[in-house]
């Protein structure tokens, strides 16, 4: 299983029936493919849609129905559309139960940097700052390292997305949470030892006694 | 012609084609009966309606279509309904071109008191404070005196509705504006002399050289 | 979203809680929920709404039954019973300009700390409030407002909980549906999912916690 | 509301003015108006919008033509040309969190001085901003934003100027339609008054100054 698939399948385990969920671009988008059986969630696209469905079939594209990345999507029965003020009212107001976003760095207190690398990548924060400040639960989907360097860091060197700590970080190696503001290893990926995680992590991790293997949802059906 | 009719007919002269207009309860409501020929205005009810029409015919009442006083109304073709946040966005945002409201006192600088008589009448301000603060043009429709006392006063003794000066006061005797923040007599009612107005007014009025009789719209057709 | 019997819905609301209630002079108020609260005698309520309607109508029923300890409203002029209870000290009445009230509720529902408005500057409304001056204009800092419950009256609700409102019965309803910990909806009609087109949904389903069964 | 030819509509907009433009990654952007501005070469613009779309699409056309002096947007990640112009100093880019941007525009349109938000607290977004603490929580004071013109893309417009938007093409459009001194609308379809039911109107007619003729 490749890293993005593993991460998406683990995060899909966090989905609960009736949740309103916002998925970022990249690995987070894959989470929609692994919704557990019997769980029904609402996916929000922050450009103004709840009930975002998969990519339309050939010939069924509607130019006025896209996700936040501008890609054509479908809408499920019971979908709702709205303007951007409402969309971010939902996000900041705590109505989004969970958001899944990519990360560049997460520090040992759970603070996230994910929107810019000054001098190199300045795309703008889009909705990321509002999502991290306002969603009830913030889950970061990211590779554990980039170019051999740990993305879990003692302190973010990149500009922060929010001072609010994220709730969960899921990588291809581990699941990390931040109880009492301290990075804590909860789970390891199948076949990965705690020592492997610690070796790959450039910051101290608290290791819980009950560290266990990641639960994963089934493979996508489609 | 009774005082309310006279006042309403004079104020109707202020209507311009395409205006969005909010009418308060009482004399202001009558203004809708005297819209000049060829002028089309939008009437807003602040409970969430643009395109408010007259009282419905017998048997055509819809319980979910009322004005801000809770009375059944009709809606004209091209009407729009919206929530209260939008309604007051229109009001505070300067999108209401003119509001016509009743008054208890107006002082010589144009400040209005019209929402409470402490210890006697405490109905709440409803939308009055927002209307006076936000509408582009505020016109006060009121009798010149109450129980023999002038309602134009040197200084409001009743609690203010807003610190913003109103634009025009129309009574059964006179039309008064507030250029440079000073009460100025512009017009007198038919058959009323400037001296009559001054005698009935409990505060100094600047009298313009060109004081002239009120222009009035025709009688209501209905 | 859970479908729930009327009696169960009202039973969720304990004495002494805060409830936002939709409606404007009784239009767009969830009457069945009000009636059930009166029947149960749920008391000591803080009611946040546009007004207290007329005696014996909508929120006026709660007033008449003496169930309202505090009312945060813009207008009580058409309900002399509210005025009497206020004078008698039975009900505290906080009068808030209507545009400020709806905007404070919206802020509460949209995760804003509050809004800045000129409405009320220099009047009794300013009393005890913070002000802030931006570019030479002074504004009142009006803080966000939330409640434990929102009692919403809708026209259509689909099986998922998507809502529409009709004509002037919309008023405070979609705004309070964002600003309470638990949102209870009474809809005139319950319709299959898909009957309400996406562009016509006024309150999206995830905002609704309970839909009163028919 | 005046009906106006496309050429006349674009001619209303002088060089150096501020324009809010609807759309999200090019979806819901009034392309005909953009094309006409490019044809005229109306330059030195301050553009307030969610993003600058993609190269050669929507607002991306204005960027490519070098007509934008300043962009107030939340995202330029899909338009490398904007990034290049920013780095070259041809275009000033103010990056604003999307929720803050739309709320500042809404405040401008709704007569609020601004809003209080936690978004951006403790980040580079806080730089130069005032903060306020209410009940122990610190918020940024985000001031209202308005423009000289709003360029709105609608789905339906009736003869009076009532508007609807379709699906995700709504985005910034109804919000900017309240926040500019002159509102110019390009609608996909113009329909008789009454075709849009009152409950479905998303932008009421009095907000529209000009409707581009078909």
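In this document, chain identifiers A, B, C and D correspond to the written order of the chains, with residue numbering beginning at 1 in each.
Going forward, contacts are C-beta pairs under 8 Å (C-beta built on N, C-alpha and C of every residue); 3 or more make two chains touch, one makes a residue touch a chain.
If you're wondering where the values come from, they're calculated on a predicted model, not measured in any experiment.
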In the contact graph of chains, the distance from subunit A to subunit B in steps is 2
Check: interface with higher C-beta contact count, B-D vs A-D, is A-D
Subunit A to subunit C, mean C-alpha position gap in Å, rounds to 34
For the pair subunit B and subunit C, the C-alpha centroid-to-centroid distance in angstrom is 29
The positions of subunit A in contact with two or more other chains are 49, 75, 81-82, 85, 88, 91-92, 133-134
Among all residues of subunit D, those touching at least two other chains are 103, 106, 110-112, 117-118, 165-167, 170, 198-199
Among line, ring, star, complete and other, the chain contact graph is other
Every chain pair meeting the touch definition is listed as A-C, A-D, B-C, B-D, C-D
Within the complex, subunit B is touched by subunit D residues 1, 106, 108-112, 158-160, 162, 178-179, 193-194, 198-199, 201, 204-207
Residue set of subunit C touching subunit B in the complex reads 24-28, 50-51, 53-54, 73-78, 83, 86, 93, 95, 97-100, 102-103, 106, 117-125, 155, 165-175, 202
Per the touch rule above, subunit B residues touching subunit C in the complex are 45-49, 62-70, 75, 81-85, 87-88, 91-92, 122-130, 133-134, 159-164
So, in the complex, the side of subunit B touching subunit D is made of residues 18-20, 42, 49-51, 75, 77-82, 85, 88-95, 97, 133-134
Interface with subunit C, subunit D side, in the complex: residues 103, 107, 110-118, 130, 132, 134-135, 137, 139, 141, 143, 164-167, 170, 198-200
